[in-house]
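Take this structure first; my questions come after.
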Amino acid sequence: MTADDTRATARPAPAVATDPQPSLLARLRGPLVVAALVAAALLVLPLFLDQFRLNLFAQYLCYAIVAIGIALAWGRGGMLTLGHGVYFGLGGYALAMHLTLARIAEDPMAPGGLPDFMEWSGLETLPLLWRPFAHPAFALAAVVAVPGAVAALLGWAVFRQRVRGAYFAILNQALAAAFVILIIGQQHLTGGTNGLTDFPTFAGTDLYSPEAQWVVFVIVVITTALIYLLFRHVAGSRYGALLVAVRDGEDRVRFLGYNPTWIKTFAYTLSAMAAGIAGALFVPVMGIISPEMLGVVPSIMFVLAVAIGGRYSLAGAAVGAVVMNAAQTTFSENFANGWLYLQGVLFVVVIAFAPRGLAGIAQSIAATVQRSWRARATGGAAGSAAGAPQETDASGSPR
Amino acid sequence: GCGPAGGSDDGDTVKVGMLHSLSGTMAISEVTVRDSVQLAIDEINEDGGVLGRQIEPIEEDGASDEATFAEKAQKLLQSDQVATVFGGWTSASRKAMLPVFERNNGLLWYPVQYEGLEASDNIVYTGATTNQQIVPALDYLAEEGHESLYLVGSDYVFPRTANQIITAYAEANGIEIIEEEYTPLGHTEYSTITSEIEREEPDAVFNTLNGDSNVSFFQQLRSSGVTADDMPVLSVSVAEEEVDGIGVDNIEGHPVAWNYYQTTETPANEEFVAAFQDAYGEDRVTSDPMQSAYNAVYLWAAAVEEAESFEVDDVRAALDGIERDAPEGPITIDGETQHLAKTARVGVVNEDGLIDEVWTSEEPIEPDPYLTGYDWADDMAGEE
Amino acid sequence: MTHPLLSLNGIRVAFGDFTAIDGIDLTVNEGELRFLIGPNGAGKTTLVDVVTGRTRPTSGTVTFAGQPIHGRSEHRIVRTGIGRTFQTSVVFEELTVTDNIDLAAHFRLSPLGLLRRRRGITATVGGVLERTGLAPLAGSLAGTLSHGQRQWLEIAMLLAQGPRLLLLDEPVAGMSRAERERTGELLTEISADHTVVVIEHDMEFLRRYARDVTVLHEGRILTEGTVGEVQADPRVQEVYLGRNQVTAPEHDGGDMLVRTANEEG
Amino acid sequence: MLSVHGLSAGYGRARVLFGVDLDVADNSVTCVMGRNGVGKSTLLNTITGLITATSGQVTFDGTDITRRPAHARVRAGIGYVPQGHESFAPLTVAENLDVAWEAAGRGPRTLVDGALELFPRLVPLMGRHAGVLSGGQAQQLAIARALVTNPRLLILDEPTEGIQPSIVAEIEEAIATLHARGIAVLLVEQYLDVALRLADTVTVLDAGAVVHSAAREDLSTEQVQSLLAI
Amino acid sequence: MDAILNQIPIGLAIGAVLLLAALGLNFTFGQMGVINMAHGEFMMVGAYTAFVMHAWFELNPDYALVLAIPAAFVLTGLLGLALEVSVIRRFYGRPLDTLLLTFGIGLVLQQIARDIFGAPNVDVPAPVWLAGGVDVLGIRLHFARLFILALAVLCVIAIAYYLNRSKPGRQMRAVLHNRDLAAVTGIATRRIDATTFFLGSGLAGIAGVALTLIGPTGPTLGHNYIVDAFLVVVVGGLGQLRGTILAALALGLLNAFAEFWTDASLAKVLVFVAIIGFLQARPQGMFTVRSRALT
């Protein structure tokens, strides 16, 4: 058999189907949609929601930020993190420490210049740990840097040793448990179980005037949007694909010349930073940060929100967080005594019957509609479908 | 659920909030407190309500989570516009709700003994402050001739503050503090501590453990063979409700300090216990926090009648001096601190799981949340 | 062209009591196309594992392009210019074929570069898709590929990596005849400017494309030489080829195996 | 013995097989051939119950087994060696064999001895974890494991993949021996010479459908080659 | 010095409790890869079984506890079985999802317990013959602890036999590793799954009964043990019985000594740090089987 024969028997190879270069509009579509949603949230929601509900919505958005981060680390990177409460807490405490000092600075009743719990614990001067938090800039930087640093350190230590899957999940869970115990045990520094609460002012302005609350709301909405866009970009980059590759074949990735330790650590750190920002926003929104909100159960709740929304989709995860928390509020307001049943059933039903969450349901509906019209080949749902296991479609997936 | 629209001022009902943990770890304690509040509301409604209006409770679940308490408080005040709220148990939940009530000028009735060092205009404290529980308990132990104490507590603000007070008191009264141990909330392994207690042989143990930990602690202490005769363990967070879960065998004979027991002999208590068991079952017991919560509703109603208004400012102005013959005996609101004058009592757990009074302060003790009236407490941190 | 590119010195690998590689010295020169054969369990894959950092040798050294590389981590070794495929193909099932290859092609990008969005298909990736016949499957998720298609994807990823030394572990196992031939052509082509080491059990393939052959047996080198030399070696027949293979060729004129052997001489 | 009629199957929405018909007569060797990715493994997976058919029928010994779970098919007498030398990595080689022998209902213990006779190289490896075997060792184990389930129909998906030439010859002999013992064989094999030496019937698959099926003696090697080169 | 020696039996006793709590997980988590967060609630069901024995059936505490052990095993086993058959079986191959699913189920079980038995803890009287303890070489051993230790040892022996000597044990390991391959090898994977889950859940029930001897019996009982129990399995190595035993005892001792030298809060943190450190040295736990497969 000759070489020519060989060619003849080879499968017909048409010219490489290069991806069409997406048009500028297509590329901007995601950001434009997000901008429209932001505008809608800022302009329309206040017409329908009272101050309290608006505030609750801002709270849900804080959870949505955490969810976006988890969707990257878990949905894309396969790192099931059951300890994101820790990072949420670190961000929250960083800002709350500043706000506490700000309150004391203005409170003539606190002559020692110390938070009450420090006085009860017999401290006479402000601990070193607290001092830099008097500066708002330091506190704001710490909101991102502290969770980031802790996550980077832990991530590096465990990923380097190829601790993953269930091991990683359980370890994170233990981290959350240990962290809560640590915070509670260091009452003279942290306020113990009481947490930090009562933040009347920020940068000299009354935090609870309607105007200030409005500003907080705007900041939360815009931050959520920006974080979504940032994470969407990351997920859509080569790095995003690499993350999925590490999730599905960490060892194999090494033989492509990449070091999975850093790939994972980066995503984990990024998602911890998002959680830190969320925690910090939560503080002026809800007026409190306490250990109860950082432990194992709240951490699992974060992940559940992502599962419900759809772990493979950043937008889905964010929506999931809002929906799950809104459902929880609704259930508990209407059935104070039995809402846990409803919540439990919601979890079970969604996870059991919609493994790809709300986003998955939305996608299959969209796909069905699309098919019944006529396949429009290009443009996947913004930042969503890539990396999702697809049991369908041998003939190519959206790119 | 959400009641009919409208503020508290119109219609023939008045809305009040009930905000306790119905789920999560604190549900163990708080559900019974909710039951007592409900009982008082039902009784008052039966008698024609307050200012001629029926009380309409709006119930929310604090879910053993501080942020949820803050959120639900905000909801009750802003969305439901309730006239007042009965709620909370842990100090953390109170601290979480406090700024919300202050900002919205609401009024919270908080029913549990606590660590003191607080007096908000927007909270009425119907449980004991430290000088009505911890200090009398120490007096009792001193009177009984105990000269060395071992302190064990859950790791949070109430036990830590209580132990500071105990330490200061001990120093002033020549009592030796052998050891001060804290365990995380929900801790269940007490072998290390019980064997240390066995080894150190203190005269008595002062126990500020909270919740589930008490069960493990007493069970494991009992396994070590330590009995109340050898070494009494005085508890300040164990009431009738907890005794059954701990197991009567394990705690029988040990003292507890409160203002009220199911066995307290007052006419009002006979009625209260009867009414409670009538409403919720013969097997149910009553306890100090339940009674304080029950009182709170009546005190609020009395203040409203006095003020002839549901407005918080009017009600607050009417608080000072409101009296009542409560199940625990006479109580009076101190308008300045918004705490109550209460009678202190030490009791001992009997074989039926109830508590028999063995010591009492006879007279109601004026509330002193900052312990300003005690010389030995001068060194302690306090704001005033 | 005879600079040693890769040299193994006194490599020993023991797993507990069992010695999988028992003192191997091996040199692969720049530009070689070397076949590595030997019975199942002889230690071929383990040897590749040692070179690529997957298994640490119990003793011995590995030198690549003048630098010692044993003890380095896997991704560093790749970065010095060694790429491999796996006997049991492992591809990223939830990425498209294109993404799989694209990642292989871009490991040299800086962290910031990685964070940029991929726009279209780069020339390297496009070329590899074409060469391996995977172009029609470019958009499919790798998880939906058949066994043989995965083998191709492994090869495609290796090509995209552009290493100096390519180590292929049974690349044509499971491939159809036609595709085996295409792989052979491809390897010949690549070996023009790369160094290639192939592990194979397919004798027909070996005879057609191999230049030098090294035979491993029980963790040692049994013999080295040209295809003809090795095939004729009775020890190789004994432990590896089996007597039948060499002694009973002519009974069927249509037998590929024999025909090829005849052609080659 | 085995009769496949109008079988269609796929993965989720992706359809791979389109109405495949196939018969394996008692005591015969049927060889399925086709280029990479045409659906050979999918066909075998559907016959053995790993994938559920979307339509069509699989009949074994006259009983319709289309909806039966995979393990029941094994117990009914269908042994399967899937593609890709898979084994139970955490179990030792001996345990791999035992687990299969027990699961299929403990035929005579001689089955295990017989399998080991066929693959003597497994004997010194009995205590080793299957996860550390070399590719070829694992493939030998996979075949041995199917044999100890005491099959009346043995289905093999590229059994010689990764196996050294001398053992390929031995496997070939073994299949012939099994055949002689009355066991029917359904084989997917890329080595044309091996396939053609063993097969009684050759079925060629392309794009999920049967494009040719004939008795071995009616086909020349060249014909098969051209069928495979579509 | 005596005080230090005294921490050894304390540590072993803590370890025995951890071991008992972790044994069931060794099946459901270690063998099947199901991260069953409802395991704690299964323990709670076991504990309430003991309560029901004496409160509803009014059995004498002296033997109610002994009867409760098989009853709890069967009851929680059946509960687990029901769970497996109805939902969990949809999840094989998605171990991390089972975590979330079972977490939801755990919440519901807690609420059910609250509605049946009330929110407060209930009293499960210990048999008289378990009161007190003995002094051995100046170290005090409590009968209740010895009983738990003995129970743990019995369970370990039974499990070891099941896993290594018996046919289903082997099949279980085969199924966990490769479900499809197991099916085409003739293993009735569904039955194996169901059996495994039954056993793992049943063991949780036994643990629950034992826990009534040393801790509170209430709706949230499981919370106190679940995190530690998972850690034991992780440190021991998934599905490794030897590892689970050693890890439980090691963590028990570590807890006891850390608490002795610092305090209970800091001890928990130290244990966590120690585990991270340990995983640096042995990332896959104490005992694991190496496989050459790439992941």
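A, B, C, D and E are the chain letters, set down in written order, and residue numbers restart from 1 in every chain.
Here, contacts are C-beta pairs under 8 Å (C-beta built on N, C-alpha and C of every residue); 3 or more make two chains touch, one makes a residue touch a chain.
These are the chains along with the protein names UniProt gives them: A, E = Urea transport system permease protein; C, D = Urea transport system ATP-binding protein.
Small disclaimer: the values here were computed from a predicted structure and weren't measured.
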Set of chains whose contacts include both chain C and chain B: A, E
Between the pairs D-E and B-E, the one where more C-beta pairs touch: B-E
Chain at maximum distance from chain C, centres defined as averaged CA atoms: B
Gap in Å, rounded to a whole number, between the CA centres of chain C and chain A: 43
Distance between chain centroids, defined by C-alpha means - chain C, chain D (Å): 27
Rounded Å distance, chain B centre to chain D centre (Cα mean): 74
Between chain D and chain A, distance of the C-alpha-averaged centres to the nearest whole Å: 48
Multi-partner residues of chain A (at least 2 other chains): 9, 11, 181, 184-185, 249, 251-252, 340, 390, 393-395
Junction residues of chain E - those touching two or more other chains: 111, 263, 265, 268, 293-294
Two or more partner chains touched - positions in chain D: 11, 14, 35, 132, 228-229
Footprint of chain B on chain E - complex, ascending: 3, 6-7, 10, 13-14, 17, 111, 114, 118-126, 131-133, 140, 142-145, 213-220, 223-225, 255-256, 259-260, 263-265, 268
Chain C-facing residues of chain A, complex: 1, 3, 6, 9-22, 233-234, 236-239, 241-242, 244-245, 247-249, 251-259, 262, 266, 387-390, 393-397, 399
Chain A to chain B touching residues, read off their complex: 50-53, 55-56, 59, 109-110, 116-117, 119-122, 181, 184-185, 187, 191-195, 197-200, 208, 282, 286-288, 290, 292-293, 298, 329, 332-337, 339-340
Chain C partner contacts - residues on chain E that touch it in the complex: 293-294
Parts of chain A lying in touch with chain E, wherever the complex brings them together: 74, 80, 82, 154, 157-158, 161-163, 165-167, 169-171, 173-175, 177-178, 181-182, 184-185, 249-252, 296, 300, 303-304, 307, 338, 340-341, 343-348, 351-352, 355
